[in-house]
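Take a look at the following structure, please.
Each chain gets a letter, A, B, C and D, in the order it is written, and its residues are counted from 1.
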Amino acid sequence: MANLNINIGNLQLKNPVMTASGTFGYGIEYADFIDLSRIGGIFVKGTTIHERQGNPYPRMAETPSGMLNAVGLQNKGVDYFIEHIYPAIKDIDTNIIVNVSGSTVDEYIETAEKLNSLEKIPAIELNISCPNIKEGGMAFGTSCPAAAQVVKQVRRAYKNTLIVKLSPNVTDITEIARVVENEGADAVSLINTLLAMAINAESRKPILSTITGGLSGPAVKPIALRMVWQVAHSVRIPIIGLGGIMNATDAIEFMLAGASAIQIGTANFIDPTISVKLVDGINEYLSRHGFKSVSDIVGALDIS
Amino acid sequence: MSKFILDLIVIENRKLTDQYVLLILKSPEKLPEILPGQFAQVRVDGSSTTFLRRPISIHYIDYEKNELWFLIQVIGDGTYRLSQLKAGEFLNVILPLGNHFSVPKDYKASLLLIGGGCGVAPLLYLGANLKRRGFEVNFLLGARSATDILQKSEYDRYGNVYITTEDGSMGERGFVTAHSLLKSSNFDYIYTCGPTPMMKAVAAYAAKIKAICEVSLENTMACGIGACLCCVTDSTEGHVCVCTEGPVFNITKLKWQI
Amino acid sequence: MANLNINIGNLQLKNPVMTASGTFGYGIEYADFIDLSRIGGIFVKGTTIHERQGNPYPRMAETPSGMLNAVGLQNKGVDYFIEHIYPAIKDIDTNIIVNVSGSTVDEYIETAEKLNSLEKIPAIELNISCPNIKEGGMAFGTSCPAAAQVVKQVRRAYKNTLIVKLSPNVTDITEIARVVENEGADAVSLINTLLAMAINAESRKPILSTITGGLSGPAVKPIALRMVWQVAHSVRIPIIGLGGIMNATDAIEFMLAGASAIQIGTANFIDPTISVKLVDGINEYLSRHGFKSVSDIVGALDIS
Amino acid sequence: MSKFILDLIVIENRKLTDQYVLLILKSPEKLPEILPGQFAQVRVDGSSTTFLRRPISIHYIDYEKNELWFLIQVIGDGTYRLSQLKAGEFLNVILPLGNHFSVPKDYKASLLLIGGGCGVAPLLYLGANLKRRGFEVNFLLGARSATDILQKSEYDRYGNVYITTEDGSMGERGFVTAHSLLKSSNFDYIYTCGPTPMMKAVAAYAAKIKAICEVSLENTMACGIGACLCCVTDSTEGHVCVCTEGPVFNITKLKWQI
């Protein structure tokens, strides 16, 4: 059994396999299928300062090897989270990380501040890359000054590990990653979904109520992998890689490209047990190749 | 209720019409308790265009034989693949998902189960269950023409079966809501599943006769377990997930204009 | 039979179905399979001022619902094209459009100038979006000033229809499209490939000799569709849509989103007859829905 | 040579070993002329991870029966699907693709056909063809062990068959290039197909004895018809496409260090 521990800032992971925000609910939805304590962490649903109803139905479209979503951050707000959800999940023996979103910098700050008080929340993930809300969201993740501002302010307000989730909808993701690092983020996670669209040719209407939505799933994996690789050569803080991971081989590819840990998103829908399978699969790979620790493969791509 | 991921084995694939098949599946392990109205998320293998699982209603369960039935209507490539499954092949399912139809408190309540098209699927198991609990069950099944009236002999086993067809080739001609039964009888409970326009018409009728009305909604789903929030419908409590708060809704909870 | 004619600048298409540069050779490679005169146009392989050997092998990787390529514009140069290839293809009864690439603005200009003389070449497609060459290429397509410069200069040098092919690897494709329109392009085509990467986890090496390459195929279709939709609301010149088109329904979706014509790329590899099938499929759709002319569906998406 | 897209029908899928199957396919139309060394681009249906066609060599052709054989080694999901094809199913192929092995001008030339692993595939049709033209054919087939020596009886029909296995379980022990035949005989023409290290060793031997040597290269391909330029190899003429200038190369045209 190889050593699967990985540290991200002050965050200690028993293994690098975590689940992505918006695809794993609050973890408990999956408790019938897996032992949640076997995974490295759970990124819970995007949380905002106030309750949000999200976008109207339809919010989902299937695409070749992927899907579009336009959920639009439906959630009951951070206070409800703290009062009603946190108590029910805080004793799950893994890292619970809250994904924080907002329409203004102040909303981000306020939400982050409130989460400071939660003993069992070791980190937040700042979602500056959601393509599915009208204001804020992706706008912060596609401009260096905007990203700098929100990260700087939240860094002041939030005391634990701060992970910033980057948008792939940019010309140069390394630029944003560097800005985010400079403003004090402890880690970056990438990628969020790619802005995309689906049309029903027969009805001549967009499939999503919002016309465009966010693309995820294996279709985007080659793009995500490239971005992780680029960012790994641009910043020193750890990277959490995600985008289309469907099996242990995919996860290992992200780590070879430079990710210290990974998240599984859309794959949870197809196989709710996929996360623990990845833990086993990574371990098997390490043994087969004679690695003592999972950290040995981080950035170990041979480009000679 | 605990949810399970099972590899069911195909016992029989019975072709009912050009568009419909009945899949009879056996579970290697004892089937868990499943209530009428619940559904399964079915993984479709070997289809290069089907990425997500497909929601399929529980059509019937035979606990003695440990068998489960799906009624499949071929719509696109996912359901086409399901319709091509052969005896001996496996089908990976997550179940039981969603809520269920309610059972009237008063066992003398008069009940009507109205289904159209593939919407008849959950009503068989519901009818069987209600009969077992001592209710008198009335089915009203609608379809385009006689060939699309599926599994009639199965429904016959659990209640009175009334039929409408659009072309009049079986039962009364017209839509379900025009059936003479609705004029001659009164009902306390109406359960319905089928195309939305049909369910809206049924709901309007139910409102008129002041019957309690439960509808089973269809919706595009990714996870089926309340994790992705893709499958919402507008309700009196705001956006709720059809996969966990539904698929069965008391009509008073929906914001339908009826 | 609906009217399938479409005009793009001075370019007259007998139907909106064309084949994408780099995926259809010089057309003749497909002559055994289809009647080339049945399609609206052929965009031939990327052409540069001098011969290019392209990148070392391996140049290709399969990905979920797509592929990466890193061909790197292998071609024998524009003079060879004019002397040896043009004579062999000029009498194909369809529009032959040359895809022009370069490492410097001067290379683009020189190449375009030489093509002026070819009577049977009604248009060129300026490739400012190739991710697979070290200098130039995509760099021109990801910055507004660079795009402006190359289009302005080539516009002066080239007298026939000028189509500019946009890169999807940008934060805001509408910005580039507007610049290109302002500098006198007659049409834009989009999208070229998305910069992406593939890794062999067992050997821990990149699959492509160039580490990164360009992603194409159905995986990218939702992104391409979104970009066509965005650009259609930003410029007045016609749009040629491409990216992952596999069947007539896909093609119709692009036209509904605002494309006046479409190109088929990767799909040619899987079905060499796909282009003529699309012509038939579009015609069938138009008849079924009662449209007299294919131009009726351009931009006809109903977003009410 | 004109290329065709054909829907071949599977007549038989013969399992040769755990890893290898022989597919016997029939063409509804008359098979076109196909030369030894050429290949087909095969479409793989029903695999969600296989997007592009797969290049597969012509193993044998029986023009009288209008039958074509593929020898398939299961490597990944694409070849796995091919190995699961059942009699009666269709397989969509584009053929004939690529160039072909050359025929010696001197019909008294002594020939050796060396194959390793799945590389033996094109050599059967080549041997049959050469024999029909009056040449004496020698096959030297290598594999890991006796079970991996495929189709030996077929090769027997067209020439002398020499065998090496790495474990010595059939023929001589060791690699093909260590076979005693190479010491005792001389050859004018050597044709080889198999893993690159093996072909390089064969090429070195050929250079030593001054035999003409043709190798058949494998390469990742997208189109298979010279349109995409994905499948290049480095040659004395620069980058050339293996799918059109190859797969067969005279060793003098390649830039191999041997």
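We adopt the following convention: a residue touches a chain if its C-beta (ideal position, glycine included) is under 8 Å from a C-beta of that chain, and two chains touch if they have at least 3 such contacts.
From a predicted model like this one, the values you see are computed outputs, not experimental measurements.
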Mutual neighbours - chains that touch chain B and chain C alike: A, D
Longest centre-to-centre distance from chain B, chain (CA-based): D
Distance from the mean Cα position of chain D to that of chain A, given in whole angstrom: 47
For chain B paired with chain D, centre-to-centre distance based on mean C-alpha positions, whole Å: 55
Interchain centroid distance [CA atoms averaged], chain A/chain C, Å: 34
Mean-CA-position distance for chain D and chain C (Å): 36
Where chain A touches two or more other chains, by residue: 61, 63-66, 217
Chain D residues counted as touching two or more neighbouring chains: 48, 50-51
Overall pattern in which the protein chains touch one another (line/ring/star/complete/other): ring
Each pair of chains that touches, named by its two labels: A-B, A-C, B-D, C-D
Chain C residues within the chain D interface of the complex: 22-25, 29-30, 32-33, 45, 53-54, 56-67, 69, 71, 74, 217, 266, 268-273
Footprint of chain D on chain B - complex, ascending: 45-48, 50-51
Contacting residues of chain A [partner chain C, same complex]: 61, 63-66, 68, 142, 169-172, 194-199, 201, 203-206, 211-212, 215, 217-223, 225-226, 229, 244, 246, 249, 252-253, 256-257, 285, 297, 300-303
Complex contact set, residues of chain D against chain C: 2-5, 43, 49-53, 94, 219-234, 238-239
